[in-house]
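In the two complexes that follow, chain A is the common piece, with chain B as its partner first and chain C second.
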Partner chain A sequence: MGTLPFVFPFAELEVGQHLYWQLGNLRLHGQVFMTSWIVIGALLALVVVGTRKMERDPKGVQNLLEFLWDYIRDLARTQIGEKAYRDWMPFIGTLFLFIFVSNWGGALVPWRLIKLPSGELGAPTADINTTVALALLVSLSYFYAGLSRKGLRYFEYYVHPTPIMLPFKIVEDFTKPLSLSFRLFGNILADELVVAVLVFLVPLVLPVPVMFLGLFTSAIQALIFATLAAYYIGEAVEEHH
Partner chain B sequence: MISLLLLGATEGGLFDFDATLPLMAVQVVLLTFILNALFFRPVGRVVEEREDYVTTTRAEAKQKLAQVEKLEAELRDQLKEARQTAQKLINDAEQDSDKLYREALALATSEANASREKARREIDSQRETALTQLKIDSQKLGDLIVQRLLAAK
Partner chain C sequence: MDSITTAASVVAAGLAVGLGAIGPGIGQGSAAQGAVEGIARQPEAEGKIRGTLLLSFAFMESLTIYGLVVALVLLFANPFAG
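After this line comes the complex of A and B, so read on.
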């Protein structure tokens, strides 16, 4: 296949190649875990540095952390509502921060310089396993939120305005994680691919605006994922009258 | 070939699900708890403490301002009263001094009048005495002249 001229660039991009780790009889995508640990490490470092010496008059990193906290609180409060948002704010915030730092890390850090035996480093959110994991966590969360707050009355939601809604609401439970995971996965992977293809074809200048667009998309996707997760949880804990 | 890569029919591919999925989920759940302990809770506490502080300080300041305004109004009233009292005192004093002046003036005038009257009466009586004396003298002189003339003849 290397003889075909048009295949060569795509082989260079190594789409769908993974660095496999074997853990017992489990197979893992090593490159995803490596970057996710870097992302988690960066987040924890920021948080530890920023909360080490907190004061009433915020200084330095504490300002940034308080801004983030306020932003996440507003997001959770508007979507989930005044009563339940406190319980879910850490989850929503973690989703937002993890996805945001993953996306921007994937777009800003020149991972390509680090050679792996197979596959390449990139945003953890460009791997379908990560996004499906996040989306399933959201599904579990909103079920748990609804059931823990309302008990079995949660299932009234399925027949809420009329019982005709029942099939649609059941289908929604499947489409919600599906759309969440594929939206994030598709956007981030597509962004990485577009940048990679453009860099390969025109190495100078042209990829830069696309990279900026990628940063924008990355931020928006993190916001969308967190907002939708909060909205689903809010929908589950909402009281119908 | 590309389609094979994308669909992951062989090794790898874009939709290659394996143990990465559950482990990533566990990782994110752990991260949620860690961030809750290290970030959301402490920062939330600081922010809410500050909000409380600002609210209570504001309320206190408002209370103090109200107190100050009340005191100011009271002081203004007191000042007004004091000014009125002072004005009244001044008026009284002016009236008193005026009265005293008039009294003194009246007394002095009447005294002057009395002494003038007395002086005039004295003058009058002296003039009267002088006139009668003169009459008597002139009578005497006249008699004397008549006697001398009669004697010379």
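After this line comes the complex of A and C, so read on.
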């Protein structure tokens, strides 16, 4: 097994086929790195262009950046709370923007035009390794947030209403990254698969609304990932009385 | 992969998505019902209700997506392929 048995001019689905780079004992999925770097580069370029020659009345890219900043600040403030949100806003914003641009970049850019020896370019978030890495980062950061803000009192959270909650809270620490990563990975891959299957069945017109639905779900998934990350951090820094 | 493993994997992949769609389907139905009732009672809150509804839809949908991930593992990265 490996490739689905059909060909499409813009995106051939090759689940489980990758362009491998060998680095010591590690086998890296090269196509994921390439698209991630492109996404990071695009975001950096946008920010550099937007913050050069800033004006009091924002125009163009600066206006867009200020809108994004407002949006991310509101998201972080509602989830994390007034006291701690400033420390974590950059992290939440980076997660949101990286995932959002990855998802949309994977759907909107015709990557198929760039030929690779094996595998294909696509959304970096359609690879389980990217989403697991992001989810583990979220886990580390909520532990760090709780421990740095409350010290060892952070572990009161595990026995907070009653000690009976202890096993559930410990299991939660493992299910949080699992569900975060699987949700993002599954949704993005499912979008690509649904479009590919529809294109295979009806190559004209019909896939277009599904593609728009895909864009919509990708945007919502980026929002959900960022919201949940902020919520977990907020849960860790919250003071119990 | 021998034929019995293939057959079992394909059936299991179908069941994983199909059964996984039942629960979220019911959940989305009752969520939409609540939203429609809310809008009927208070039409000016439509924007806020829509946003919350879409967000909670995405959460419910991800339950089916977990089933889909299992199905994809069975089809493309089967650990029992031997």
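Everything that follows uses one rule, which is that the second predicted complex is superposed on the first by the 229 of 241 C-alpha atoms of A that agree within 3 Å, B and C clash if a C-alpha of one lies under 4 Å from a C-alpha of the other, contacts with A are read in each partner's own complex, and residues count from 1 in each chain.
Just so it is clear, contacts are C-beta pairs under 8 Å (C-beta built on N, C-alpha and C of every residue); 3 or more make two chains touch, one makes a residue touch a chain.
This structure is a prediction, so every number in the text was calculated from the model and none was measured.
Enquirer: Is A:Phe91 touching the first partner chain B, the second partner chain C, both, or neither of them?
Expert: Only chain B is touched by A:Phe91; chain C is not.
Enquirer: Quick check for you: in the superposed arrangement, does A:Leu189 touch first (chain B), second (chain C), both or neither?
Expert: A:Leu189 sits against chain B and chain C alike.
Enquirer: Going by the contact rule set out at the top, does A:Asp74 touch chain B (first), chain C (second), both, or neither?
Expert: neither
Enquirer: In the superposed arrangement, does A:Ile224 touch chain B (first), chain C (second), both or neither?
Expert: Touch partner of A:Ile224: chain C, not chain B.
Enquirer: Regarding the shared-chain residue A:Ala133, is it in contact with chain B (first), chain C (second), both, or neither?
Expert: In the superposition, A:Ala133 touches chain B alone.
Enquirer: Can A:Val32 be said to touch chain B (first), chain C (second), both, or neither?
Expert: first
Enquirer: Regarding the shared-chain residue A:Ser179, is it in contact with chain B (first), chain C (second), both, or neither?
Expert: A:Ser179 contacts chain C only, not chain B.
Enquirer: On chain A, which partner's contacts cover more residues, chain B's or chain C's?
Expert: The partner with more contacted residues on chain A is B.
Enquirer: Which chain A residues lie in the overlap of the chain B contact set and the chain C contact set?
Expert: The answer is residues 1, 15-16, 189 of chain A.
Enquirer: Note which residues of chain B are touching chain A in the complex, please.
Expert: Residues of chain B touching chain A: 1-2, 5-6, 8, 12-25, 27-29, 31-36, 38-40, 42-44, 46-47, 49-50, 53.
Enquirer: Considering only the defined contacts, which chain C positions touch chain A in the complex?
Expert: Per the touch definition, chain C meets chain A at residues 1, 54-55, 58-59, 61-62, 65-66, 68-69, 72, 75-78, 81.
Enquirer: Which chain A residues qualify as touching chain B in the complex?
Expert: Its residues touching chain B are 1, 7, 10, 15-18, 23, 26-29, 32-33, 36, 40, 43-44, 47-48, 50-51, 54, 56, 58, 62, 65-66, 69-70, 72-73, 89-91, 93-95, 97-98, 119, 124, 127-130, 132-134, 136-137, 189.
Enquirer: Flag every residue of chain A that touches chain C in the complex, lowest number first.
Expert: My answer: residues 1-2, 15-16, 179, 182-183, 185-187, 189-190, 193, 217, 220-221, 223-224, 227.
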